[in-house]
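In the two assemblies presented below, chain A is common to both, partnered first by chain B and then by chain C.
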Partner chain A sequence: MAVVRDIMAPFDLLQPSTAAEAQRLLARYGADAWVLAGGMDSFDWLKDRIKKPAVVVDLSGVTELRGIRPWNGGLEIGAMTTLAEVANHPGVQKNFSLLADAVRHVASPQIRNQATLGGNVSQDVRCWYYRAGWPCYRAAGETCFADTPVGRNREHAIFGADRCVAVHPSDSAPALIALGAQFVLRTASGERVIEAEDYFVGPNREITRINLLQPGDLLASIRIPSDFAGARFYFEKVRDRNVWDFPLLNVASAMRVSGGVIQSVRLAVNAAAPTPLRLRRVEAAVAGKPPDASTGAMAGELAVQGAVPLQFNAFKIPLMRNLVKRAIGGVEKAVWA
Partner chain B sequence: MPEPEAPPPGASAGPALSRRKFILGVIAGGAVVSAASYRLLAPRAASRPALLGGERLLTLRVNGRLRRAEVAQQETLAWTLRYKLGLTGTKLACDRAECGSCTVLLDDVPHYACSVLTHTVRNRAVTTVEGLAAPDGKLHPLQQAVIAEQGFQCAFCMSGFLMAAAGFLKTNPNPTRTEMAHGVSGNLCRCQDYSKILDTLMHGAELMRKGAQA
Partner chain C sequence: MSDQAQSGNPADAKPIPFGQGYKLIGRDYSTPDLPAKVTGRAKYAEDFRAEGMLFAKLVLSPMPHARLRGYDLSRALALPGVRAILTPADVPPAAGPHGERVLTAEPMFQGDPVMAVCAVDEATAAEAIEKIELDFEALPFVIDPLDSLRPNGPNPRAEGNVWFGRELKPLKWTEADFASYANGQLPMGHAPSAWSYGDLDAGFRNAALVLDRSFVTPDVSHQCLEPRSAMAYWQNGKLVIHTGTQSTYQTVPAIARWLGIPQDKIVLVSEYTGGGFGSKVTGTMIMLVPALLAKKVHAPVMMRISREEEQYLGRARPGFQGRMKIGFDRGGRITALDMFVICDSGAYGSQFDVIASGNIVSLLYQPPAMRWRGVSAMTNTPTRSAQSAPGGLQGIAIIEPILAEAARKLKVDQVALRMANSAEGPAEYGPVREGQRAHATSCFLKQALAHGAEQFQWSQRVAQRPRRSGTKIRGVGVSLSAFSGGTIGYDGLLVITPAGKVRFHSGIGNLGTESVIDVHRAAAEVLDVPWDACEVVWGDSSRLLPYTCASDGSQTTHAMTRAAHALGLECRRRLQEVAARTLGGAPEEYEVANLRVFHPGSGAGMSFAEAARHAIALGGIYDGHQPNPGVHPATQAAAAALAGQGLVACARDRFPHDGGTYSYVAAFAEVEVDVETGKYFITDFLAYGDVGTVLHPKSLGGQLLGRSTLGMGHALGQKWVYDPHYGAALARRFYQTKPPTILDVPVDMQWNALNIPDPQTPVGARGVGEPPVGGGCAAILNALSDALGDEIFRRAPVNADTILTSLEAGRPMQLPLATGI
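Let's turn to the complex of A and B:
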């Protein structure tokens, strides 16, 4: 539904070189300012002229927000680090290959060369009605155009819908939740560190928001603790085309196994609900059991309990059941392999 | 159903401005869209600068040369290359990071020029398809391979493919065919000529390796 127009509506491009300077600019311009990281989510909004900020604050010159450094036995990843840099980093590959695997499934090579990890977790939903500027609930309007008998909702939510039925589209988010990552925010009142899963805001809490960021806030970095370093990981994404396409569903798990049973596990899916979902009930149910096919089957059944399909997305229920099954029980070799 | 205006329990007492107001404000600006509104936007808020955007003189490093141009602050690199610098080898098709025809190298790394603001690449080396050949005019091995293999049909996507391949080969000079396919997977060919394109790029990679040995 993108409408190609000449170029973006004019704005003032401000290019700070430190995070403090960026925060000062954001404080000065408040709701008139837009934070620009890699721009891969932002440019659609600006080109379609659905959003017309007066000021764009470009973070690409803020070097302190970029790079990957050791942190408490784990890693701290600056929000402005590109997805390609994350995927190719030896420390990420060695200990947290789950994250490398997840970001390698995002979009296309050129996009991964430019898109940032901070932008990936902070991106907005992709519901076409909302993105095309329709006055839906999420856009502070009074209706949902996707959840009608003829609404196009094949990609939409099977959990957590509350007026808005859009899903969270990030591929990195479930991996970060599974790794127990923490997000470091810089707000007007100082630094705030929150658990990855608490960063995301669903429509039941506040329908026009997708995460905790208020105008003026910056996501500074993402910390990955050592808890699951080198653990048993599983990531799978299902999409229509192998390049560019957002997840119809993805799953990420991190697991410690000893003595043949699951000692600890974290499991998350995305594109199932308006926020990435951590599946705590499943985690609790599989703890202490062997990571085999029967535990996997049980996990899959439990994961989809309570799912509510829309007109065109019931396929997501067996899809999620099977992805969770594989994430916990492993993938059986095909008989012909 | 009205949305609850009260913050959820446990929410931080952040800045007073709600995201709802922010969205309403930004959307109001976008509701009336026409070519005429392009430079005549009424100021919306006190903090809105009197003169929005505007062009600034910029020096860019393109294909090893310093090029000066007046560049609007919201201008994309593809636009600048094509319409300010006359480098029309970079194609503009989808303008949405979904086809690859505008691929250029920034410091040797492939990017979609339709999705880069020109003002953000002041300190970077931009290479377009016009910069692939050697200064003496000798064609780049990838270009030689296009001629040898007759690699493209209509060739609208060609410059994007060549730039994507040139960037990819800097990180992996000796790829398998599958690796090359992954390397240029961010580029589409409307003629669906992928098999011949891959033949071409693999041949070009081989010529590059031979050239490096010579």
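Let's turn to the complex of A and C:
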């Protein structure tokens, strides 16, 4: 059969107006349904004709899944809230600027106007073999094309590889993990609230999935607790282009400092592994130490212990080391005459 | 010509204020196509619709090299709404034994078109494609030219791997030739093309410093925002085709040749072209698909090309694997230069880049002794074509980092080293042919370098301390740059209408450079008419076009201002004759200004409107019935078809010219690199041009900075990525191929130009599209090595991976000579 990578295959477009209705539709169609949020990931799959769902459930009309509201001293953000809305929200900017900073680094302004926070954390990997429809492990095949002696893997994983070496591409995910966010899922058996870092599924658990959502499930909202409101934050994303580029690596940290030492800290990186990585060992090691250059250096070295580079991505090891160093110890600012 | 006379000595040349001595030339204005472009009213090829229009979709080869043994179209043809499937048997034969075809049964690269499906809509066509069964026999393939040159390396097609002129033959180097590969130096076996002049050995023997460096430049797609979509239908035996092209005039003969039909059976509509950069010269064969299908199904057919298809079909610059050995004296003057390049010419035909690279290097840096050797290799990768400064960018990207390193090692200022080597005046270039070398018409690059250095505050930036602060290091870079800037011998055509308007017929493609309109101001200048009395028709071959150059090689401004100047003189003479024959006296007693032809003594005269009516009454040579016999037959035919519409004038450029026309740029850049992340930003940039007379300042600025940005893309991250085991393209979408965005360049990039007229052309104006490109790339590379040192990169683009790996491991990243990584 010849292949064409253009023009969506036909599907039934269902546009529920309530989350309950969306859930009913998803339950009815199960694995035949595709959940459409902002479409920034979906349309690639659909237009490439690699995914041909019978039914697309479009959540754009479900108003209850949109918007940002106070929650327990923190915020609850509807999964269908756009990244631009998140970045521009006064409450996010005031108390959780880490998240605003992270989503401002996603893709481009046009994409941020359309992309949703739920979509950003739920998007699939961008490995160029997988996205081109090659029959790799993640596509239920029996090989990885990126991890060969000549495979092109500059942007692939240095941690967490298990047959698949793709990396998770989200910029918002590490910020949400650092903020201790909770993801609110609506499943057939009722509402389920999970820690942000537990939402993501690595190839060691299930290689053809990227997150916990089962057919029929919805990611309804993301709750940000008040724990780190107004805390000391750090976000940095390194990419080739200054706009419209996935991360080569990103880092997010949230810390409370008191008496000159780190009282509590949460730290995560992404684009290093098939899932966002929360660096618990580093968090434990820096707790109680001053957030200075020496602690930062130690944190950086610790963070990359156990990293396994592929043919073309060894640069990610010093990159991750240095980003973690900065996230904990700060950046030595340039001062020009 | 400008009032300010220039002495023969280029060193005395001074910048001239734009527009000095002219009313129109050198002045800003808005071209008439702009409102439609900025409001979205402009219709590009895929915006057209026709009654009963059908759609076409392409079937592309999934393999890098294969033979189509058989196929089954029955299920696809049975799908309701499918009207026809075009196969390789339905398309014209290739021009030569190795030529490209519209569709092929032996695809030469992944993405080579094999079939095209025509259906009532694109959804049906796509569904039909998935019902086509193709039976391919996989054939040997090669992605990296060096792999094909190895002793038992694969050939990209049965006949061989390297172009010897127009012949494809096998060329294999020895294991001994490849010995240097392991340490990252380019192997240099036999090269089919070579030339040299001067005493190379003595040059190296007498050098104070000799550097021998290898460098790899990327394959980079043109990435026109408008892909090569086309819509076509046949009407009363004529083909009407809507597409984007770089030449309204020159595309018609190309289509005629490809389809085997007379030119007068073709109407080409191409009012707006969404970028070309060399990829739409004179068109692309794939645009014949809707024409062939339309004939088959007797209905209009639209073929919209997707971004991924454009990646395969939209052409690209060939990457080079290059090596250069240069000797320098203590002052930094080159004593000898030995250049070796391998050009990845892709799947069909040898690319001009390989030859241009040697010519441009020899022109720009004037080595007293030089050898150039070139290998043009075929690979199973998409078809290449000229891309802005073909070979020029690659040559400049290879030599400039070596010059930067030499300046550091010799402790010579970077600008001073380039001043010592820069071309000047009627500089010679290229090989010796029949006892002599070609020479340029003129070159004031040293002045551009000097004035550019002053404007950029080069000395202050070099002296600035600290160079490192925090995790950031700043570096500054300068690069020379040049490319061809003009040809000669084309025609102009205008009508002065009975309404008193001056209407120019423009055969130039409207690809965004504004030359489609700009050049006609040279004729208006001669006629001394206000611009608002002028109109230009363009973008449609049925509008009767004069013999016009294609807009490639940056030739248009030069070639067509010459034609326009000749046209202005011809029209003025005809106006004088019409006045004399109507009002008495001798023609030369009449003057032409402000839309009148008049006798300055008596005041007798007539308006252009009246002159047009008198021209119609006089007929013959005045109203197109007897066109100027000195112009191209196509121009004569166009003038004859306009007969009776007014005063019809046409003329050919026959002005003297004996040099090669080139334009020059001195490029300056500053970068700021974060050594902990490998991320860098371009903080400042200046392109200073020696482009002859400035015709349209805003357009010139757009070209100088826009094309510099095109060059910067090659330094910043734009490239192809190929899996060599499967012969498959991995970077296929914008987010993967990474053309530079507006946020990747400084917000206040600067430009300037000398505005010194070229002595060999009446208006003095030369083209500028391509000359900045090499400088845009190399100034960034040189600023990076200024910041980071000479051992950081041996290829472009330079990204965080290269910088961090080098800083960490103390060596450039692995596989330094491989392509497609």
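In this text, the second predicted complex is superposed on the first by the 328 of 337 C-alpha atoms of A that agree within 3 Å, B and C clash if a C-alpha of one lies under 4 Å from a C-alpha of the other, contacts with A are read in each partner's own complex, and residues count from 1 in each chain.
The rule is short, and it goes like this: a contact is a pair of C-beta atoms (placed from the backbone, for glycine too) under 8 Å apart; a residue touches a chain by one contact, two chains touch by 3 or more.
Worth saying up front: this structure is predicted, and the values here are computed from it rather than measured.
Visitor: Taking the superposition on A as described, I'd like to know which of chain B and chain C A:294 touches: first, second, both or neither.
Guide: In the superposition, A:294 touches no partner, neither chain B nor chain C.
Visitor: Does chain B (first) or chain C (second) touch A:49, or do both, or does neither?
Guide: both
Visitor: Which holds for A:248: it touches chain B only (first), chain C only (second), both, or neither?
Guide: second
Visitor: In this superposition, which partner touches a larger number of chain A residues, chain B or chain C?
Guide: B
Visitor: I'd like to know which partner A:214 touches here: chain B for first, chain C for second, both or neither.
Guide: After superposing on A, A:214 lies in contact with chain B but is clear of chain C.
Visitor: Once the structures are superposed on A, label A:10 by its partner contacts, choosing first (chain B), second (chain C), both or neither.
Guide: Both partners, chain B and chain C.
Visitor: Between chain B (first) and chain C (second), which, if any, makes contact with A:110: first, second, both or neither?
Guide: first
Visitor: Let me test your reading of the model: by the given contact rule, A:263 touches which partner, first (chain B), second (chain C), both or neither?
Guide: Touch partners of A:263: none, neither chain B nor chain C.
Visitor: Per the contact definition in the header, classify A:326: touching chain B only (first), chain C only (second), both, or neither.
Guide: Only chain C; A:326 stays clear of chain B.
Visitor: After overlaying the two complexes on chain A, where does the chain B footprint on chain A coincide with the chain C footprint?
Guide: 2, 4-10, 49, 108, 242-244
Visitor: Mind listing the chain A positions that touch chain C in their complex?
Guide: 1-10, 49, 108, 128-129, 132, 145, 148, 150-152, 154, 236, 238-246, 248, 311-315, 317-319, 322-323, 325-326, 331-337
Visitor: Under the stated contact criterion, what part of chain B meets chain A in this complex?
Guide: Within the complex, chain B touches chain A at residues 1, 3-4, 7-8, 11-12, 14-15, 17-27, 29-31, 33, 35, 37-39, 41, 44-45, 47-49, 52-54, 72-76, 79, 95-98, 100, 103, 109-112, 115-117, 119-120, 164, 168, 182-186.
Visitor: If we count contacts the way the header does, which residues on chain C are in touch with chain A in the complex?
Guide: By the definition above, chain C touches chain A via 57-60, 62, 114-115, 122-123, 125-127, 129-134, 306, 308-309, 464-466, 469-472, 474, 672, 676-679, 681, 716-717, 721-726, 728, 730-732, 734-736, 738, 740-741, 743-744, 799-802, 804-805, 807-809, 813-814, 820-821.
Visitor: Which of the residues in chain A end up touching chain B in this complex?
Guide: 2, 4-13, 15, 28-32, 36, 39-40, 43-44, 46-56, 58, 60-61, 84, 107-111, 113-114, 133, 137, 139-140, 142, 163, 187-189, 192, 205-209, 212, 214-217, 242-244
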